[in-house]
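Labels run A, B, C, D and E following the written order; every chain starts at residue 1.
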Amino acid sequence: MFKSRRTLPGTPPATLTPLAPNEASLPVLRWMEYDADTLTEHSVASVAELPTSPGTDGKVHWIEFNGLGDLEALKALGEKYGLHPLALEDILHAGQRPKVEPYDNHLFIVALMVYRDGDDGRMIGEQVSMILGNGLLISIQEDPKCDVFEPIRQRIRSGGGWIRKMGPDYLTYALLDAIIDHCFPILEALGEALDELETEMLQRPSAGSVATLHDHRRTLVQLRRAIWPERDLINSLLHDEGTFITAPAKVFLRDCYDHTVRIMELIESYREISAGLLELYLSAVGMRTNEIMRVLTVISAFFIPLTFIVGVYGMNFDNKNGEHWLNMPELHSRYGYVSLWVFMLAVVAAMYLFFRRKRWL
Amino acid sequence: MFKSRRTLPGTPPATLTPLAPNEASLPVLRWMEYDADTLTEHSVASVAELPTSPGTDGKVHWIEFNGLGDLEALKALGEKYGLHPLALEDILHAGQRPKVEPYDNHLFIVALMVYRDGDDGRMIGEQVSMILGNGLLISIQEDPKCDVFEPIRQRIRSGGGWIRKMGPDYLTYALLDAIIDHCFPILEALGEALDELETEMLQRPSAGSVATLHDHRRTLVQLRRAIWPERDLINSLLHDEGTFITAPAKVFLRDCYDHTVRIMELIESYREISAGLLELYLSAVGMRTNEIMRVLTVISAFFIPLTFIVGVYGMNFDNKNGEHWLNMPELHSRYGYVSLWVFMLAVVAAMYLFFRRKRWL
Amino acid sequence: MFKSRRTLPGTPPATLTPLAPNEASLPVLRWMEYDADTLTEHSVASVAELPTSPGTDGKVHWIEFNGLGDLEALKALGEKYGLHPLALEDILHAGQRPKVEPYDNHLFIVALMVYRDGDDGRMIGEQVSMILGNGLLISIQEDPKCDVFEPIRQRIRSGGGWIRKMGPDYLTYALLDAIIDHCFPILEALGEALDELETEMLQRPSAGSVATLHDHRRTLVQLRRAIWPERDLINSLLHDEGTFITAPAKVFLRDCYDHTVRIMELIESYREISAGLLELYLSAVGMRTNEIMRVLTVISAFFIPLTFIVGVYGMNFDNKNGEHWLNMPELHSRYGYVSLWVFMLAVVAAMYLFFRRKRWL
Amino acid sequence: MFKSRRTLPGTPPATLTPLAPNEASLPVLRWMEYDADTLTEHSVASVAELPTSPGTDGKVHWIEFNGLGDLEALKALGEKYGLHPLALEDILHAGQRPKVEPYDNHLFIVALMVYRDGDDGRMIGEQVSMILGNGLLISIQEDPKCDVFEPIRQRIRSGGGWIRKMGPDYLTYALLDAIIDHCFPILEALGEALDELETEMLQRPSAGSVATLHDHRRTLVQLRRAIWPERDLINSLLHDEGTFITAPAKVFLRDCYDHTVRIMELIESYREISAGLLELYLSAVGMRTNEIMRVLTVISAFFIPLTFIVGVYGMNFDNKNGEHWLNMPELHSRYGYVSLWVFMLAVVAAMYLFFRRKRWL
Amino acid sequence: MFKSRRTLPGTPPATLTPLAPNEASLPVLRWMEYDADTLTEHSVASVAELPTSPGTDGKVHWIEFNGLGDLEALKALGEKYGLHPLALEDILHAGQRPKVEPYDNHLFIVALMVYRDGDDGRMIGEQVSMILGNGLLISIQEDPKCDVFEPIRQRIRSGGGWIRKMGPDYLTYALLDAIIDHCFPILEALGEALDELETEMLQRPSAGSVATLHDHRRTLVQLRRAIWPERDLINSLLHDEGTFITAPAKVFLRDCYDHTVRIMELIESYREISAGLLELYLSAVGMRTNEIMRVLTVISAFFIPLTFIVGVYGMNFDNKNGEHWLNMPELHSRYGYVSLWVFMLAVVAAMYLFFRRKRWL
C-alpha cells in the first residue's frame, strides 16, 4: 500500500537520487498568505518566486510543493528555507515512519496519509512531509493529483472558524486532522466488509472468503503500522516545549490525539474480530465435514451389510436336485426370499436404533 | 452496540451537525437544587430558565439535559455555562472514548453506560457526558427514555446517606458508580451464558453454539473497549489535583475504581474461558469425527472383504459336467457352501482380534 | 470457586444488606491477649465484651470474628473500632480483590484464602478481612467451620518461636503466610493431575480428558486471579511507610513475598503445560484419525477393484453354445478361473508395492 | 527436574525439618584458604574445625558444605557465621527461586545449577546456596557427588589468571559463571534435538515425535523458570551498592550477565522454533490425510460406478426365449459384452478428465 | 546463520583458544589515515607496523583487521591498543549479542552483519567488532573475503561528502549504517518470497510450501535476534555521554536509528504475515479435504444403494416354474426390468434433490 524507496547500502547519507520520470510528477506549487483580515493566493511557477523571509510580517504562509519529479526544485526549496540534507532525503525517500524531528529553525514532520481512491475505492497511501517554521508551513506531497487538502483551503478562503485567526501551528493541526480523519471512512468500510464476511462464513464458507479475510488482515497490519507512530507524532507535538506549537493549538491537537486513539482501538478490535472470524470459519468447515462424514457413514453402514447379504444369495453353489443339500438350501425353500427381506429389514431397524442411541441420526 | 458519529474528513473542528429528527429526541430538562437541609426540584422548559450563576449560593445544582434532538438548545447550554466548542462536539458525536478533560472553570467527563433493555434483555450502550463545575453538575444523555439515574434522585429526595451532605463531586461519583455497577448484572448474565454454552458444547456440539460464542466474544471485546478507559477516567479523577474533586469524594471514587478493576478482571477471565471453550468445542468435534470414522472403518473393513468373497462365487465360470474341472470346482463340492461360511467367520474373527489389539473397538 | 456478592446498581455506597440466614452462620468470637510472658484466651459472647482500648497496654490483642450472619454484631464491631463504612461493606460483600487500604488508625487488608476441603478434596475459596491497628489485629471470616488458623493459635499457646515476642504485624504476617502456604498442596495436587492427564492423553485420548483439562485451566485462571493481587498486597505491606508494619516483620513478609512469587511461577508454568497438553491431545487425535483413515484406504483400495472384477464374471451375458462367442468367452475357457485368480493376485501385488513406496503400509 | 521441598502450611517460619536419610547425603566439608601467594587446603571433618574469624587475615576462605543430611551440622554452620534462620530454611528447602538477599554481614545468594549427568545424559537441577562475607565464601550444595566446581579448584591450585589475586567476590563470580556456562552444552544438545525432530517430522510424522517435542518444551519452560531469575540475580549483584562486590569483579559479572542474556535468547528462540515445529507437524499430518483421502476418493470413484454396472448385468431377469423381451435384451445381443466394456472405459475416461481438471490427480 | 563459539564451562574468563586452521583465515590488515585534506593508505603486513599513538595528530586512523586465524596477531593488537582481555575474548568468540561496552580509553562495539552471498544468494551472518578511540577506529571481521565496506573506502578516497571532514565517530556511523542498510535487500527478497508463497498456497497448497514458510520464519526469528539488540546498540551510542560520540555524528546516528526501527517493523509485519499464511494454508487444506470428501460422499451415496438393488436381483432364489411363486416373482414379470430402472432413477432423483437442499451439490 505504501511506497518505499531506499538507496543502495553503502551510499553516503542524504544522497538524493532523482526519481524516474514515470514515477513522479513535476511539482505543482501553491502559496497562500493570510492573516485574520487578508488573504492572498499567489500563483507560483518556481521556487524562486516563493517568499524569502516569511515570519517577519505576522502573516501565515502556506506553501504546498506537490510532486517530487524535479530534484533541482526540491534542492532549491531546501536551500531557500535551510532544510537539513537528511530531511530532504526523508522527503524524497517515501516509506519513512511518521515522526517529528526538531531542527534549529523548524520542526520537520513526516505523516502517512491513507485514502480511498474515488474511482475504484482502492486504498492508497502517501507520505506527507511538513516543515513548520516561523509564520511558515511547507507541505510536500508526491502526487499532485491527490488533493485532500482542498476543504482546508476552502476554510481559509471562507474566513470563518479559527483557521484565519491562528498561526501555522493550527494549520499544521488542520492538515494532520484531515489526514487522520480520512482513516474513519476506510475503517467503517472495513468494518462493514468484516460483517458481510461473517454472514458469508456462517452460511456459505468458501476458500475465497478466507483469502478475503487474509487481505483485510494485511490491510489492518499496514494501517496499524502507519497509525501507531502517527499517534506518537501527535503526542510529541503535544509535549513539544519549543515555540513552534502554541498552547491554543495544543487544545485542538489533543482532540486530534483522541481521534488517533479511537482509530487504534478500532484497528485493534477489528484485528480481534478478524481473528475470531477465522476460528469461526475453521469451526464451520469442521462442522460441515463432520456432517458430510455422518451421512456417508450412515448410508454406507446401512447398505454395505445388505449388499453382502444379497451377494451371498447370488452365489452359484451347485445343488443338483437337492443332491448336495448343504449347498444353500435356502434358495430352494418356498419362503426363502420373503424371510431374507424380513431379516434385512430387521438388520436395518437394529442399525437405526443403534445410530439413534449414538445421536448420529 | 455503541453508536458512533463523526463529521466528514476536512470539516473544521467543533462543527455541530444537527442530528436527523428520527435519530434523536427533543431534550428533557431537569434541575435539582439541594443542600443538606433544602431540596428544590424545578420544572424547566428551556435552557433560559436554568440558573445563571450556580456555585455562589453553597447549594448543589444538578442539571440533566437528556436528548440531543435540539441543536440550538445544546448551543444555548454551551454558551450559558461557557463550554468549549470541542466539548460540545464531543457531546454531540457519540462514540467518544471515556475521558476527563480539564477546562478552566469545569471538568468535562465522558463516560460510556451499558445496560440491558428491560423489555428484551438486549444490551444498549449510551454515552453520558458530564460537566462538573463549582456547585454544578450537568449530565447530558442522548435518550431521555433510558433513565438509570432514578435511584440517585430518590436518594437525594429521601435525604439519607451522604449525598445531600456532600458537593457535586460526590454526585459525579454517584452517577459514575451507577454506570459502572450496571455492568455487573450484564457480566453475570454473560457468565451464566458461557456456563450453559460449555454444557451444550460438551454434550451436543453444533455450529450454532460457535456462532453464539463468537457473539459473546464480540460483546466482551466491546465491553472491554468501554471499561478500560473508564478505569483510566476514574484514576484521573482520583489523581486530579484541581479543586473540583475533594478528598472525601476521593475515598468513594477509590471504591468505584476497585469496581472497575473487578469488572476488568471478570472480562479478562471470561475472555480466557471463551477462548478455552472454542478449543473444547474443536476438540469435541474432532473426537466425534474420529468416532464416526472408526465405526465406518470397522463396518467397511468387516464387510468389504466378505462381499468380495461372495462375489467370487457369484461368477458364472462354465464347468460343463466337470469337463473344465479347474473352473470353480468348489461350487460343485458337497461341503463348499458350509466351508465358505466357516472361512468367512474365520476372516471376521481375525479382523476382530486385530481391531481389538489396535484398540479400535 | 469464590463467592461474589454485590448490591443493586444505584444503591448508596456502604449499604449493608443482611445475608440470608441459610447463607451465613452466626459469628463466633475469639479474643487472645498476649505478650512475651503472658497469654489470656478470653471467652467472648458479644462484641460488647471485646477490649475497648487495645494498644495502650503493650499487649497484642487478636480478635477473631468468624461468621457474617449477624449484621448488627458486625456494625457494632465497626463502631467500636472506628471502621469506615466502605470497609464494612467490603467485609460483607465477598468477592473483593485482595488489597490493602490505609485508614487513619488502621490498615484494612482483604485476602483470599484457598484450601481443599478435608472431606471431599473440593477446593473452597474464602475472603479473610483483617484490621491491623495499634496492638490489635481483627480477623474476619465468613465460615466459622473453616479453621485454618488453629496451628497459629497453637504456636501462640506454646510460646516458642518469634510469635509471642513480636507485635500484631508479625501476627498479620503469620495469618497471610498460612493463607499463602495453603496454595502449595493445591498446586502440587494440580501438578500431579496434569501429569496423569498427560499419560492418559498419550495412551487413550478421549473427549473426557479434554473436559478435565478445561476444568484444570479454569481453576488455574481463578487461582491466578486470587494470587496475583495477593502478591501486590504483600508488596504494599513491604513498602508501607506507616507505623503499622515494623522492620523486623518486613524480613518475614519478604519471605512470604517469595512464596507468592513461587506460586505465581508454578501457576504460569502449569498454564503453559496445560496449553501444551491440549496441543498434544489434538495432535494425538489427528494422528489416530490419520491411522484409521490409512487402514480404511488400504482395505478399500485392495478390495474395491477385486470386487469389480468378480462382478464382471457374475454377469449373465448369453453365449448360447458359443453362438454369440464375443459374450464373455473367458467363462467357457478351461483356464479362465485360474487365470482370473492369477490376475487378481497380480493386482494385489502391484497395489501392495505402490502403497509400500508411498509409505502407507 | 528441580526438587521442591516445603513445610506444612501453618508451621512457623524458619522451621528446619531433617531430611529423610535416603534423601540426602552426609555433608562433605572442604576449606581452601588462599591469597595471591599462598594456598592451604585444609582437611575438615566437622563445622567446629572451620575458621572462626575469616576476613581479618586478608585471605580468601572458600568453604564448601556439600550434603544436607546432617541438620545439626547445618545449624552449627549457621550459628558460627551468623546466618539468619530464614536463610538456613532456604538452604534446606530446595526449590527456591534464584535470588540475592542482603543481610548485615553477608550476602545470601541462591542459584540453580543445571547439568547433564555424565552417565546417561539426563538433565539434573540442583540448588546452590552461597554466603558471601568478608574474605569468606560458603557454598552449599545438596549432593556431594555432583562436583562441577573442580575446574575452579584447579584454577586456584594452578595460581594462574585472576582468581588468586582477587577476593571472594571474584570467586562468587567464578562459581556463578561455571553454573551459567553449564547451560550452553544443554541448549546445544536441545538445539540439535530440535533439528533432528524437524527432519523427522517433515519425513515421517509420528505421534511419538510430538511427545518428544512436548518433552523438549517442558524442559524449555523449566530452564526458563531457572534462568530468568538468575539473570535478575546477577543484575542485582552488578548494581549492589554494598561493599561485598568490588568494581573489578563487576567487570566480570557484566560478562556473566551477557551470557545469561544469550541463554535467555536461545531459550526464547528455541521456544519459537518448537512452536513452529508443532505447526509444521500438524500441517504435515493434515497434508498426509489429504493425500490419502484423495487416493481413496479416486479409487472409490472409479470403481463404485463400474461395480454397479456389472451388478446390473448380474441380475437374473427372466427372458425365456425372448418372450419377455423387455427383460435385459442386452444380455442376448451379440455385441452386448463388448459394448459394455466400451461403455465402462468411456465412464473411466470421463471421470479421469474430470479429476484432472479438478487437479485431484 | 550466525556462528557461535564458546569455551568449556569452568575455563577461566578471557581464555583465548586458537581457532582451527580450516575455520579461520589469516588476518588481512589495512590502515587508512586521513583528514579533510590528506589521505594515506598504508600497506601493512603485521600489527607492529600499525600506528602507536593515534589521536595526537588530529587525523583519523581506520585500521581493519580482517581474519581471526592468527591468535598471536590478535593478542598483539590487544596489547598495542590496551584492549581488555574480555573484549578480546568477545572478538574471538563469534555469536555475541550486539552491544556497546565503555572502557576507559575506548568504546567496544559488537555488531552483527547480515548479507546475501553474491554467488548463490545464501544469507550469511558475521560478527563485526569495533574499537572506537581517540582518532582511531579498529574494525575486526572474521572473513577477509567478505568486504562490504568497500563503498565506504571509496567515499573516503573520493573526498566528497562529510566523511573526510568528520572524526572516527562518523566513520563508526558509516560502518554501522552500511551494516544496517544491508538488511533492506534481504527483507525485500523475503517479502517477495512471502508474496509468492501466498499465491502458491492459495492455488496449489503443498507440504513443501509449509516447509519453505517454516524456513522463512526461522530466518525472521534469527534476523530479529540480531537487529533488536542492534537498535539498542545505536540507541546507547545516541545517549552516550562520553567524548567518543560528538553531537554532529549523533544527527546521523539518529537517521540510522530510524532505519533499524523500520527494519524491526518490517520484520514484525512479516512475522504477522507469515503467521497469517500458515492459517491460510491450513484453511485451504481443510477446504480441499472438505471438497474431496463431498465428492466421495455424493458418488458413494448415489451408487451404494443402487448396487444393493441390483445385487438383490442377482440372487438365485429358485422359482421352479412358478412353484415357489414367492421367490422373486419380479424376475419373471414382463415389465420387471423396466420397472427396476424406473425405480432406480427415482431413487437417484430423490437423493439429488436431498443433496441440493443440503447445498452439497
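Please note the rule applied: a residue touches a chain if its C-beta (ideal position, glycine included) is under 8 Å from a C-beta of that chain, and two chains touch if they have at least 3 such contacts.
The shown structure was predicted, so the numbers you read here are calculated from the model rather than taken from an experiment.
Peer 1: Counting hops between chains that touch, how far apart are chain B and chain D?
Peer 2: Between chain B and chain D, the shortest chain-hopping route counts 2.
Peer 1: What are the mutual neighbours of chain C and chain D in this structure?
Peer 2: Looking at chain D and chain C together, no chain touches each of them.
Peer 1: If you fit chain A onto chain C using the CA atoms, what's the rotation angle, as a multiple of 5 degrees?
Peer 2: Angle of rotation between the two copies: 145 degrees.
Peer 1: Taking all residue numbers at the chain A/chain B interface, are over half used by both copies (same) or under half (different)?
Peer 2: Chain A and chain B contact each other through largely non-matching residue numbers.
Peer 1: Where the centres are mean C-alpha positions, what is the separation of chain B from chain C, in Å?
Peer 2: 25
Peer 1: Let me have the rounded angstrom distance from the C-alpha centre of chain B over to the C-alpha centre of chain E, please.
Peer 2: Here the centre of chain E sits 41 Å away from the centre of chain B.
Peer 1: Hey, what residues on chain B touch two or more of the other chains?
Peer 2: Where chain B meets two or more other chains at a single residue, that happens at 282, 286, 288-289, 293, 296, 300, 304, 307, 311, 314-316, 328.
Peer 1: Chain adjacency by touch: line, ring, star, complete or other shape?
Peer 2: ring
Peer 1: Which of the residues in chain D come into contact with chain C in the complex?
Peer 2: 6-13, 84, 86, 95-97, 99, 101, 204-207, 210-211, 214, 217-218, 221-222, 225, 278, 281-282, 285-286, 288-289, 292-293, 295-296, 299-300, 303-304, 306-307, 310-311, 313-316, 328, 331-338, 340
Peer 1: What part of chain D is in contact with chain E in the complex they form?
Peer 2: 148-152, 155, 160-163, 174, 177-178, 181-182, 184-185, 198, 202, 251-252, 254-255, 258, 261-262, 265, 269, 272-273, 276, 279-280, 282-284, 286-290, 293-294, 296-297, 300-301, 304-305, 307-308, 311-312, 314-318, 324, 326-328, 359-360
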